[in-house]
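Below is one structure, written out as structure tokens; comments come after it.
The letters A, B, C, D, E and F name the chains in turn, as written, and every chain counts its residues from 1.
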Amino acid sequence: MKLIMAIIKPFKLDEVREALMPLGVQGLTVSEVKGFGRQKGQTEIYRGAEYVVNFLPKVKIEVAVNDDIADRVIETIQTAARTGKIGDGKIFVMEIQQAFRIRTGESNADAL
Amino acid sequence: MSIRLKDVLIAIGPALGVTLLASTGMAQEAAAPAAAAAAAAPATPVLDTGATAWMLTSTALVLMMTIPGLALFYGGMVRKKNVLGTLMQSFAITCVVTVVWMALTYGMAFTGSNPYLPGFDRIFLSGMGMNDLALPNPVPESVFMMFQMTFAIITPALITGAFADRMKFSSMLVFVTLWSILVYAPIAHWVWATDEKGNAIGFLGKLGVLDFAGGTVVHINAGIAGLVSCLVLGKRKGYPNENMAPHNLTLSLTGASLLWVGWFGFNAGSAVASNGRAGMAMAVTQIATAAAALSWMAAEWMIRKKPSVLGIISGAVAGLVAVTPASGFVDPKGALILGLIAGLVCYWGATGLKHMFGYDDSLDAFGVHGVGGIVGALLTGVFAVKAIGGTSGLLEGNPGQVVTQAIGVCTTMAYTAVVSFILLKVIDAVMGLRVSPEEEREGLDLALHGETVH
Amino acid sequence: MSIRLKDVLIAIGPALGVTLLASTGMAQEAAAPAAAAAAAAPATPVLDTGATAWMLTSTALVLMMTIPGLALFYGGMVRKKNVLGTLMQSFAITCVVTVVWMALTYGMAFTGSNPYLPGFDRIFLSGMGMNDLALPNPVPESVFMMFQMTFAIITPALITGAFADRMKFSSMLVFVTLWSILVYAPIAHWVWATDEKGNAIGFLGKLGVLDFAGGTVVHINAGIAGLVSCLVLGKRKGYPNENMAPHNLTLSLTGASLLWVGWFGFNAGSAVASNGRAGMAMAVTQIATAAAALSWMAAEWMIRKKPSVLGIISGAVAGLVAVTPASGFVDPKGALILGLIAGLVCYWGATGLKHMFGYDDSLDAFGVHGVGGIVGALLTGVFAVKAIGGTSGLLEGNPGQVVTQAIGVCTTMAYTAVVSFILLKVIDAVMGLRVSPEEEREGLDLALHGETVH
Amino acid sequence: MSIRLKDVLIAIGPALGVTLLASTGMAQEAAAPAAAAAAAAPATPVLDTGATAWMLTSTALVLMMTIPGLALFYGGMVRKKNVLGTLMQSFAITCVVTVVWMALTYGMAFTGSNPYLPGFDRIFLSGMGMNDLALPNPVPESVFMMFQMTFAIITPALITGAFADRMKFSSMLVFVTLWSILVYAPIAHWVWATDEKGNAIGFLGKLGVLDFAGGTVVHINAGIAGLVSCLVLGKRKGYPNENMAPHNLTLSLTGASLLWVGWFGFNAGSAVASNGRAGMAMAVTQIATAAAALSWMAAEWMIRKKPSVLGIISGAVAGLVAVTPASGFVDPKGALILGLIAGLVCYWGATGLKHMFGYDDSLDAFGVHGVGGIVGALLTGVFAVKAIGGTSGLLEGNPGQVVTQAIGVCTTMAYTAVVSFILLKVIDAVMGLRVSPEEEREGLDLALHGETVH
Amino acid sequence: MKLIMAIIKPFKLDEVREALMPLGVQGLTVSEVKGFGRQKGQTEIYRGAEYVVNFLPKVKIEVAVNDDIADRVIETIQTAARTGKIGDGKIFVMEIQQAFRIRTGESNADAL
Amino acid sequence: MKLIMAIIKPFKLDEVREALMPLGVQGLTVSEVKGFGRQKGQTEIYRGAEYVVNFLPKVKIEVAVNDDIADRVIETIQTAARTGKIGDGKIFVMEIQQAFRIRTGESNADAL
């Protein structure tokens, strides 16, 4: 199993979620994060003091999937989250050794 | 509990001496002839229920300026970890000054007949009968005392903006108590005390200094004390490198709005009547405020390319401050120009001036209230209209009024600077002024009050 | 819609019977001679535009106490998932009581001539002419009716603090409707109803019970009803183990500040005049409030090592509550002491007492309003000054007044406890009082109102 | 700075022409006989300090309706990224309209003697003496001018709800300036201008159109302008698919509460007196508001299964709007029914109607203020009671009043729709109305003002 | 070493934390997240507009543990976080290659 | 590639970010988290009720880097984030199997 972690622009979240449903993805977990990257932040000025807001609001999606659909999930996220403008974000893929569904105790593929 | 009575006594002694010395010193340099009283003085000693209704309302409005008005205005501008500590300062000052005022400082400011020394009647309000009028005003003394109390409350609360995020709560309480006694009460006496016929008693009032609603007594006074305190306490840890952006301007805009609304009580209430003078004071207040907000916004828009919420509300407060001394003396056109100027000058005060000298007046108590108060007090001497307040200003051919205003400004500045400085140094020596670096890092909310906004 | 008319009717019947029984029962034990009326009673039947202006203003101020004042005070103290549900309670009560008051309860409280039974004139305000005065007060009856309406609104809204986070919204509406009719209106009648000359009509008023602005009618009444309701409903799920810390004390401090400002209308407005009595009421209100806030803060500082925002605002509200019955009768010094005592006793009420008995009075409706109301009502009998309100207290050599006050307190407590208990039990049987455990876990905002703060 | 004087001038020219044309056009179709003035008209030219006190207070209350009331009401309803931009609109409008009013529009609305064309006295308030009364009212002209200013402020601020989240700040300022001059001032003149004896000057006033506190001038006017502007600007990006739920209903409920409290100044203040008429206006305001809040809540509860915070506060505002024209003319029972109807109709306006036609009136400026204003104006003609406001309505056998009201409604709707449309199109052509899609996506706070709530 | 990532219902957090203490777990890190899964969200209605809140509030626990106690930690979380109702959440297990305690520079097992 | 996850004290964030720039780190993602560990939380007291705040505010940095600079990144974070006082936090290192830049579709080393 893979953990696919995608950092995307916040307003793309709903599109990504909807694009993943047909692939059989049954769940995912989302966090609000702040990203630092090539895309530069705003400068906020308060009474003459400038604060460079280095961090921009992003959304992190974590979705655990079986190996067989991992590639399609990655592609789908890439398509759905792309605007072509700087700051679109990244996808990182890691190996999951075990997975469990808390409610039932099912494990691994059954748990997703 | 960190306030020790001994410390308080140790602190009061020398400071009190200073006031007396200072008072006498000034007595020699300023024994000028008495001039017309600043406030309107109708002669009739009959209770006016309409005026009383308006003064009761004004008292509520001015209290609302401090809590929740100023509390929110300042609370929204600090970082999130300090918001409760900031709100707490305004609230606690409201409580402490209420007790000090009824115990001592009301009598100091408004009784006595010496032009320099405060009075000592009305200790714990003894002798204030229920039906006594606050002559020459046609309202009960209890109402006048309450109205003035709300001014005594907001003045030290304004100072807290200068030393936000770093002062010990206990030391702040001691400072405010002593400052109310040794700074606020004497200055209020000098400018506002009158006899039953409305003749000025204090030497600044006699001199003819115009201060309708508190440009010198409240704003210059608080602004200078703020400047001194941020110099004595030093900068916030991390200033000016770390991000200290206001955490929630929704709170600040709400606070600024309540300040604006409440200021109608402050300025129009200072007529101590519900008549044309009060109405005109309200009108010029509104006009100057709007003008200053727009001129600050325009300046920022041109220079910084974006008009900001913090900018427009700061401009509004600058206008409110500047029109305060002028509100019973100028006409609508004068107010418009006065407001436009005040917005620009205070914009420079809160941006250029502060960064030029590098002090950390965190929420611009000096940059807005000090600078705005000075601008307003001087421009009152320029724009005063005889048909409104009985005194002509420069534009009506009386340049002397500007000089008189300048004397009022300088006296207030000098006195409050010296005494505030001494007070802060004494308190620092006795109990310390600043929280520890760890407490500052952690935030006042948790460190001082054990609470946090979840 | 979950309120079924049938249920409401089922509930009203027996409860009404109880009121009548209770009234008659009390009639026998308290047929005391008539005493001076609590409120000032000038004889002239001419409209006073000044007094009317102040009463219009006071009405606005007291409405502001409930919305947004109390709504924010309570809303900040609950957990985030319940904030909207808590705000909604105060807002909906404002609407419901407005309609009930104009339809029925205004007439019940202020018309009729029986010392025990409420009146039944002015149903839907019939017969209230535009230019009728609320004799003996020199203000239009419409204004007096509106002013009193705001008291009828805040009283049940105060109760909601006791059962926060767990009561069904529909049951709450039914409870408040019935409680206004069966508890609030009769007690207001007993204490405050007067004839056109200002002579008391209700048996507690005749007895000479002093309650200037609602210590018994509003605060003891709401506090006891709160205690009963939190006992009947049971504790919040997870209390006292889970973290139920206030989620946003910025809201609570804002609310407490608006309560303070609005309370000027509550207490000084209760003079129904803009004169020295109103002024003195405002002054003692301010002083007692500040004193109570400081004494609560000091107690907490000594015992818990930190002065908290929740502490100082709770102390202020305790002072406001305690000075309410006293505000037209005590002088500034009395108010100072009364406030100091109230802050300490209510601190104990909200910390010691509550934990001693283990009930879950979530936001201390009883600990602050009940306890503070009792302290204030009794101390009114101690500190009353003849020169202010026409009645002497214990300190002026009239110990009987304390006894009279105690009778007022006990009567109110007994009546409200019994009727509130029966009402709650009936409603529980008919439609249930509490949300389901899942709804409680999820939070009232989503579960009851389908909304959330994002 | 993006406002170029040239653009402004370019825009003013044609628009002004339109007003004149429109005025003249209407003159021909509506040269009806003069009827009784809407506002009460006591004859005595002596200052009434009580009335003045109440008008000073009312001015403060109505200012509080816009800042912070409306600012918070709207600010809580938008998404978090737009909250500061939304608050900023109300605040900046307050400033701009203040200056426009004193410079030009006060005189346009209230001076002059032509029934169609606004006056041109009092430019920059020239000639407004401190002690002049605003005859026939017993209050200083300065006070009357200020009170009316607060109405001129809130009206354009209401419009902003329709185009929330997408209008350029600079274009909004230009639009509001021109709209105040070309729409608000003429309509206020038509309905409210009177001579010194209280006889109507404007043609709608002469016709006998009843509008006590601004149903046509303020609410229908703003509502229709809002509808036009949301049609011209187009929908928010993502509407109606994306989640645009209100981000913080705590703010909105606080704002709605302050609107309610402030509305006492709006409606009872419109009596320009502190007497029974003011008292009755306050009473019917309270009753209609509560009734509308409850009927909206009940409708939502039945249809949507849950009573929501947004629902009950929207209902309250709907009631306030609807009772505004009626408040000096109806009795409590009429107000109760009027409120119940208004709540239901506006519920439909903000849910059914809007979705039926698919326009994006973001915060329901039209759905609540437009619809509520129309309902209220018409029902004023139904429920008017001779004993209250001197005019009978349908229920008292005067069906003609409903027709008169309908003429007032239609005239206002037509005029504001046409002129607002032209203004918006001109501004769009000159400087653009809408922010770029990127700015809209990013949010107004950062994009326009460079700030954010942390 | 393992990184055990558990997504649970928010009100179960304290129970889980307390259950882990006896196993020798000395620290953990918690984030507020929003979860999408079989459990369906609320519908919020504002003036007639319906917004389906697809995402429900969840809490993500990340705890790094030595391999020897990993299984017991997983079991414990499963027991403590279970309500038996839909939406109880998931546990994912990943391999940690290195761990460090910043204060001391200690690494791996010593760092936990 | 490695995913370096560091949990640090919030006020150290800017220092850490600045220290990483010279190493060629071009981006990172930050979340606000709450940490439980040896460092004990505050007690908040409300009207006599004590609430032990077990969790302290921390900041979690996630940065994906190539293997070659991983060690230097870890060291740099350790130096920049250290105060020497309890609660300084932890660093965990995991293996990333694949990485993508959404905007361009570039993968692995190019994507970072």
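Note that a contact is a pair of C-beta atoms (placed from the backbone, for glycine too) under 8 Å apart; a residue touches a chain by one contact, two chains touch by 3 or more.
In this text the structure is predicted, and so the values were computed from the model without any measurement.
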Between the pairs A-B and A-D, the one where more C-beta pairs touch: A-B
Separation of chain C from chain F, taking each centre as the mean of its C-alpha atoms, in whole Å: 52
Computed distance of Cα centres, chain D from chain B, in Å: 36
Sites on chain E at which at least two other chains make contact: 14, 31, 44-46, 53, 94-95
Contacts with 2+ other chains: residues of chain B: 48-51, 53-54, 57, 243, 245-246, 304, 306, 308, 310, 450-451
Pairwise chain contacts under the document criterion: A-B, A-D, A-E, A-F, B-C, B-D, B-F, C-D, C-E, C-F, D-E, E-F
In the complex with chain E, residue positions of chain D that touch it: 240, 243-246, 304, 306, 308, 310-311, 314, 350-352, 354-355, 364, 367
Complex contact set, residues of chain B against chain D: 48-51, 53-54, 57, 61, 80, 245-250, 253-254, 256-258, 260-262, 264-265, 268, 273-280, 282-283, 286-287, 289-291, 293-294, 297-298, 301-302, 304, 306-310, 312-313, 316, 331-333, 336, 387-388
Touch list for chain F against partner chain E, complex: 2, 6-8, 31-38, 54-55, 58, 60, 74, 77-78, 81-95
In the complex, chain E residues that touch chain F: 1, 3, 14, 17, 26-31, 64, 94-103, 105, 111-112
Partner chain D, residues of chain A touching it in the complex: 11, 14, 42-46, 53
